[in-house]
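A, B and C label the chains in the order they appear, each numbered from 1.
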Amino acid sequence: MSLLLKNISLPLASFTLEADVEIRNRVTAIFGPSGAGKTSLLDLVAGLRRAPSAFIQLNDRVLTDTARGFCVPTHHRGIGYVPQDLALFPHLSVRQNLLYGWKSGGAIDPLFAFDRVTDILEIQPLIARGVRELSGGEKQRVALARALLASPRLLLLDEPLASLDAPLKAKIIPYLARIRDEFQIPMLCVTHDRVEALTLADEIVVLVNGKVLQTGAVLDVFNRPANADVAKLVGMETLHPGTVTSVTEGLVAVRVANQTLTAVAPAQATREVFVCIRGEDVTLQRDSESPSSVRNRLAARVVALRPEGALVRVELDAGFRLVAAITRPACEDLNLQPGLAVTACIKAPAIHLIARE
Amino acid sequence: MKPLNSLCIAVALGLCVAVAKSSAAEITVFAAASLTDSLKATTAAYEQTTGDKIIFSFGASSTLARQIEAGAPADIFFSADEARMEDLDKKGLIDAGTRKSRLGNTLVVVVPADSALPIKSARDLASDAVKKLALADPKAVPAGIYAKAWLTKQNVWSVVEPKVVPTENVRAALAAVESGNVEAGVVYKTDVGISQKVKIAYEVPAADAPQISYPLALVKESKQPEAAKKFLRYLAAEEAGQVFQRFGFILLE
Amino acid sequence: MSSEEWQIVWFTAWVSALSTVVILPFGLALAWALARRDWPGKSIVETFVSLPLVMPPVATGLILLQMFGRHGPIGGFLHDKLDLDIIFTWRAVLLALGVMSFPLLVRSARVAFEEVNPRLEQIARTLGASQWRVFFTITVPLAARGIIAGMILAFARALGEFGATIMIAGNIPGKTSTLSLAIFSEVQLGQDDRAFRLLGVSVALAFAAVWGSEWLLRRNRESK
């Protein structure tokens, strides 16, 4: 499948949304902070908004071409949309909602048969009910089923998990995965949540302030953010300006604050860099003597502890602010407390350098 | 002259004028709509010579009679038929001694100025060419009552009645004909003179028409009986009579 | 009450109902356009629609008289080409009632449409529904209570219309005589007892209409 978004230019409140991407994968996440223009982009694809300039093509069908003044109206696009507030029709029953987009009097792809869809999303017991009687998770599944029952060629999802609590998220994700596997239609998901993006998507488009900063496979983008903005977004918690002082045999020495770190030389060697370190890549030790393969061992002091579920994010002062993510049992074993002196170990390959102007 | 002195003189003069004005009376005359132009013409000279001010309220005699009954501040009532005056007389609202039948009038059938409709008798009003006929409300307004009496006597009322568009007063009937929204109307001959947009199709002969009589009288509740009586005498006199004749009214003896 | 009086009541009720039905498609179309669309000159349209509400009814009646009279732009055309007269017929009553109650319907319907979440309409379109289908299956049902309240208001206004009606329809017994016109003329004629009987019916009708409208609005509030 191929979704081509070219020459997109849509002025919004405080910036202009611009995009020029080709989306090829089955599940793509449009990832960025709130207000980045993600929903507007979905609206453009669905034909709910018009841009002064846009070229949108789905597979071999041109949907929008402002240069030629051509725009397929929304109801002919065959693009399913599940908005953030689900938009279930309150005056219709669940059954009427589900069948609203049903194309009667024509061959229905057995992929989207009513019984199959309701079975996969497990909403058969809900069909006779009114929309107001449904719980949050049930509404979500009904909204998904409704979009699917219209036999869409592409499915747009706006923050599908945002309004759900953690247990519910965990419940819905398998349904989304099922949709991905059982219906063979591409999905475009908007999200601001790293975990959602990691879990659901194959490919990711990073959108910040209306500009596409990076596209690529999810893990690639997360591990090798193209610039500081993307790095911050994908959760490189430690981010500092640094200066490369020497380059030797593919390794660089980079100075951060008053510390020198050893890192793997990036593809483009520059003098001024941003140093990015994921919390998950920082190990803590009480002592610093035993030899190990770790090149970077920094004396640090614990500043604060932030528990996050099974992990604890430990904020350290190593001459610069450094965040380490360790398990809670580990934290207890080491008896970490604010003020304690520890050694922070960072493997050279885990230090990610981004060119800085 | 010192400013304070001139101020005192100005104030004194003003007071004199005010006192002089207050001795001049303001008389309210309730009169039939068909008297609008003629009455206004008679009073111009009167106001100049006597210094009294005449205020008019023109309308359907029936409406005005109702208002007087309800206590409206009229000094003089000048009706288009005897029945309305009789009604007020029976209720003791007018000074019977001052009552006098002053004017007569003629009924005419009018059509829009550009109309080609041939109307030579009451019978023609019954024809299909006349779809709508404007009359002052024949239930209450003198002009309409007179018209109905005429058409009844000519034995065409039952055919004409469904076509009637009743209006609030005779001038409204005239306006309806002027607008072209009705084919014809029955109004007084005296009403036609003021309008360019209608023409007389047929003048009802005196023999066929009912007796038309315009009485006037002093309203008992008048606050200015002396001034009002003075105006009544003027209206009954020759000078005013000439004005009425000029407008086409018949003087009754 | 005499049969003549009942005829007046019946005539008033059916011509008011008919005028409400006749203005409904135009009122809804305009209300929808005002609620969902923007265009240069929109505020001028809004002002014109509200005019009959604030102008003296006789003034509106005068404008209608000029336009629909035999020498007027619309009336002249109808008279010459279709041999159709409006002034001084029941059609003039329909016209007067319709014009005077139109703004009330448009205002209520517009608010009702504005309260419908546009997202619902958009999603309906993604499900393949054309604009018309969205309008009739989503927008109108969700705005129904407000629209009905507007219709009742329009009906009540039509019931009580006087100024414009007397201007263009006159008070022709049996043909254009409505409750308000009849009450006025009975008072003029000194027939107070007839006037009071008609007054009683008038109050009863108005009461029923407003009570019905309030009840609908209460139900609307409670179900939210």
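In this section, a contact is a pair of C-beta atoms (placed from the backbone, for glycine too) under 8 Å apart; a residue touches a chain by one contact, two chains touch by 3 or more.
Note that the coordinates shown come from a computational prediction; the quantities given were computed from them, not determined experimentally.
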Of all chains shown, the one whose Cα mean is least distant from the combined Cα mean is C
Using only Cα atoms to place each chain's centre, name the chain farthest from chain B.
A
Could you tell me the distance, in whole angstrom, between the mean C-alpha positions of chain B and chain C?
38
Approximately how many whole Å separate the CA-defined centres of chain A and chain C?
55
Please work out the Cα centroid separation of chain A and chain B, and write it as a whole number of Å.
90
Counting only residues that touch at least two other chains, what does the list for chain B look like?
none
Indicate the residues of chain C shared as contacts by at least two other chains.
none
If you look only at chain C, which of its residues touch chain B in the complex?
65, 69-71, 75, 85, 87-88, 170-173, 185, 187-190
In their shared complex, chain C is touched by residues of chain B numbered 60, 62-63, 66, 131-132, 137, 139-140, 164-167, 176, 179-182
So in the complex, the part of chain A that touches chain C is made up of which residues?
43, 46, 48, 73-81, 83, 85, 87, 89-91, 100-101, 103, 146-147, 150
Chain C to chain A touching residues, read off their complex:
117, 119-120, 122-130, 137-138, 141-142
